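Chain nomenclature is as follows: A, B, C and D, assigned in order of appearance, with residue numbering initiated at 1 for each chain independently.
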Amino acid sequence: MEDVVSEKNCTAILLWSSPDKKGLVSRIAHFIYERGGNILDLDEHVDKQEGMFFLRVAWDMNEYTVVPDDLEESFRPLAKECNARCTITFNQSKPRCAIFVSKYDHCMQEILWRHELGEFCADIPLVISNHPDLKFLAERYGIPFHYFPITKENKLQQETKELELLRNEKIDTIVLARYMQVFTAKIVEQYPNRIINIHHSFLPAFAGGNPYKQAYERGVKIVGATCHYVTDVLDEGPIIEQDIIRISHKDSLEDLIRKGRGLERFVLARGLRYHLQDRVLVYGNKTVVFD
Amino acid sequence: MEDVVSEKNCTAILLWSSPDKKGLVSRIAHFIYERGGNILDLDEHVDKQEGMFFLRVAWDMNEYTVVPDDLEESFRPLAKECNARCTITFNQSKPRCAIFVSKYDHCMQEILWRHELGEFCADIPLVISNHPDLKFLAERYGIPFHYFPITKENKLQQETKELELLRNEKIDTIVLARYMQVFTAKIVEQYPNRIINIHHSFLPAFAGGNPYKQAYERGVKIVGATCHYVTDVLDEGPIIEQDIIRISHKDSLEDLIRKGRGLERFVLARGLRYHLQDRVLVYGNKTVVFD
Amino acid sequence: MEDVVSEKNCTAILLWSSPDKKGLVSRIAHFIYERGGNILDLDEHVDKQEGMFFLRVAWDMNEYTVVPDDLEESFRPLAKECNARCTITFNQSKPRCAIFVSKYDHCMQEILWRHELGEFCADIPLVISNHPDLKFLAERYGIPFHYFPITKENKLQQETKELELLRNEKIDTIVLARYMQVFTAKIVEQYPNRIINIHHSFLPAFAGGNPYKQAYERGVKIVGATCHYVTDVLDEGPIIEQDIIRISHKDSLEDLIRKGRGLERFVLARGLRYHLQDRVLVYGNKTVVFD
Amino acid sequence: MEDVVSEKNCTAILLWSSPDKKGLVSRIAHFIYERGGNILDLDEHVDKQEGMFFLRVAWDMNEYTVVPDDLEESFRPLAKECNARCTITFNQSKPRCAIFVSKYDHCMQEILWRHELGEFCADIPLVISNHPDLKFLAERYGIPFHYFPITKENKLQQETKELELLRNEKIDTIVLARYMQVFTAKIVEQYPNRIINIHHSFLPAFAGGNPYKQAYERGVKIVGATCHYVTDVLDEGPIIEQDIIRISHKDSLEDLIRKGRGLERFVLARGLRYHLQDRVLVYGNKTVVFD
């Protein structure tokens, strides 16, 4: 997981998904090499059951003969021939994230603090909330805080305003840091595989509301957290990362909530970092994570 | 988890569940002390939400003034006064286990091997199976193997015969080591909180059939195993022990099955050991495990 | 780990270490019961090899017939008879912690943030540092920051001033949150088993300086962190808590440092919480942690 | 970790280590593609600090235009030009392992049982021991058992005989399954990075004898196991795999040994599987493990 994409050098990252066929690694590697690219990192995966091929390759652009603006265009014929879906990103145009929160601060706190330390190669130009409570925390880190109270009646209107704000700020990734509202399709459709949520259970166990209470009542010996992309079906999007902690009969519901906070923070931070480093490929409802 | 119950000395273990009230630890400890018992290990738990008190205490019987046969009787007045459910066992009468298997050998293999090493303070006088395949394995360890083929038609009859065999052999604990049949109420009722199953998922996720396939298709990043008591509702009995392993997109369904084998073996062995050492108290659908 | 010591009720906690002998649990439980105490939580441990008995018991003082000020005195005869070392604390006089830091912020950040959330039942009236860098962070949480630059020449003088400050502030626990100076015996002697350090390795592996570099060069597949009490031998004090994370050949030294940060934070926070809840008993160079 | 090397198809695996330079992935992938090889799995790693490039690639030989016997030869010019060390193996010539044991059976038991299940794509034609105790276990699995008692006086002679036996049986991998003798240089030199040991501690902590006792006395909260290649310096060879389990003050030395058994078995089995699937590259004293 060495971060090959240092900010000093211009680096490109290609994410590629296509039906598997002979020679794909060779052809893509060769394509980059011929144009003067020095491959820094290459990872590939074949899903034999689905007959699909997935690849992530990062290369040094310093002596590359295609300028960044023409890069997508230059790959198009190869991608078309292989029936591939592919995206290319550069380390020099950082992804821009918006954080959505409600009243719990721990996930937002963790993201902002790691951001301050430089762990995410990203910009976070705004925090959006349906409650005013965490304004102080956004201010602590010098990030503009936008308050959009949500009621049943105004939800669609408020989402329209939020979308406008996201567009103005050129946001490409939305982080739901324990945001307690469910987005309507209006927003979800605009950000396919670009909205990252943290659910405080080991999905698919305890989907829906109050997962710690559900876990406490079921008497499980382990609780989990799941970082996933948001789709139009609640808690069923592609899973990026999961982790767990052990609990016992000694733990009250409050203990689960307290211990779970630490878990949620870390699982969200890891999942977000994978996403921001272009390490996640979605296929069907599953992910390939090249860590 | 130091095993206080060495075979050299006569040791008694009391498991106690009752509504919580003032002075219970003091009274029970004093009761044992007055009769010459030396407490080797005491663990207690209060479930404040339910107002329940749970206790496990082990003591040396060498200078105890009540003989083993009168022990249950001697505790009766105190238990009655406190509205307690309690059981007393001695290390000198080992629990007797029956193992039920079908075709997968790994859980049976693990139990028999650990048994051979002396990790369970128990006798295993028989293996029962609905298939003849694992006879060789029972023979390898010198344990009688009983073959009861099961069809829709003969199921109740066969269970009747199995019950008779279990009774004749004075079995008190049944271990389902990947036994692929669901017991009818007939057997379950005879062995309340005495039938231990291993389910190859992190319950309540992926209950029912083919949990690895379900996990593979959902794209989870972790798979689990659950050791639980069998009740009349499939995969919903009180959980004794759970554990997990990390997986990734690189793992095929076959890898999940292979990696899961190791997990199942260990989770079942740990859960069974807790049970055989009288470390598990069941309350409602949950367990207190004094490890 | 349910925190029985809520702030609403007056609760006492007794920590007891003595040579093992018959009837100790019974006598201590009875002693408390006779005086009207309701035992909320009792945990005990016998180290058979050393012949030692350890106990932690928490009880409700609401109807207790001995007033808090006389409590230590009331236990003295029993403790003397049993040759016991024992301490009693009340939830109503919170422990007071000083945090020592240098330039790394992550451990201090974690402690202050959890403190803000109420996870530690303690007061943190000051931060001391040998560098001015983290003043901003102390200010963010409204905690006085004291800067004591240390050179070879002034070390003893500065420690004298620090000790004076600690005494004035009635500090009973010192947290070394990646403080890069080694205390002289002068301070260590004043706070036996009261100075908590986080070492960024799995002790005893990689004691001393640059443990991540040592780990990287040895090619281990796991790195750890250790929370321990400080004694006069560097990195050899009694261990309170440890944890680990997996690494691989993909991880550069910088990755180890980044991943280790998360680990250090959590291990220190867990160890500190055990200490502040009076869950740790030291015996020789080992600890009993009643979690 | 999907096992690309099914036995149905002829597959080749190339392991390559060389100084890093531009175009290596492309050239190697292209080389294979040009000769009709279909790449099934490719993993590479660059150690930037050392300037080294490591690669593992597996390809389908069905339509490959170079016959297996000429394969090494065909790669020689490229390897020479790149100053590379490389090895090529085929799934159709299974590696041959010898197991060395003394008196502890658990590691041998685990390896033989997994071997029976088909988890290792290998042959195990013999077990060698310096004690007769585990003959029964080798016989249980139908594997010839060779008894070579070792004394100070006869050690070199016995090793000479062992080496002869290993050569006659065409052994390429030696597994030390808790073998309590230290090989002299005589054997070690013949099997560089081909002798796999399990050490029952988290190396480099507790190297040498009695690691569980050392761990117990130090009072650690976690114990580990390490699978590594044997070199001429005891317990200092390149580490392939490590894992840990949590312990507490409740665990006696016997508990550590019991719990550690499970850990050792799994860590050795995982490390051995990586080795037998040609997933391990050694560089200096470190390993790259392409899992």
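FYI, a residue touches a chain if its C-beta (ideal position, glycine included) is under 8 Å from a C-beta of that chain, and two chains touch if they have at least 3 such contacts.
All figures in this text were calculated on a predicted structure; none of them were measured in a lab.
Novice: If you take the mean of the Cα atoms for each chain, which one ends up farthest from chain A?
Specialist: Centre of mass proxy via C-alpha means gives B as farthest from chain A.
Novice: Pick out the pair in B-C, A-B or A-C whose interface repeats that of A-D, meaning over half of the contact pairs match by residue number.
Specialist: The same interface as A-D is formed by B-C.
Novice: Using the touch rule from the top, work out which pair, B-D or C-D, shares more C-beta pairs.
Specialist: Result of the comparison of B-D and C-D: C-D.
Novice: Quick one: chain B and chain D, Cα centre-to-centre, how many Å?
Specialist: Comparing mean C-alpha positions, chain D is 37 Å from chain B.
Novice: Distance between chain C and chain D based on Cα centroids, please, to the nearest Å.
Specialist: Taking the mean C-alpha position of each chain, the two centres sit 42 Å apart.
Novice: Do you know which chain A residues sit against two or more other chains?
Specialist: 2, 48, 250, 252, 291
Novice: For the complex, give me every residue of chain B touching chain D.
Specialist: 1-3, 106, 109, 113, 117, 119, 140, 250-252, 254-255, 258, 261-262, 266, 269, 291
Novice: Could you pull out which chain D residues touch chain A in their complex?
Specialist: Answer in residue numbers: 2, 22-27, 29-30, 32-33, 38-44, 46, 48.
Novice: For the complex, which residues does chain B have touching chain A?
Specialist: Residues of chain B touching chain A: 45, 47-49, 54, 202-206, 218-222, 224, 238-244, 248-250, 252-253, 284-289, 291.
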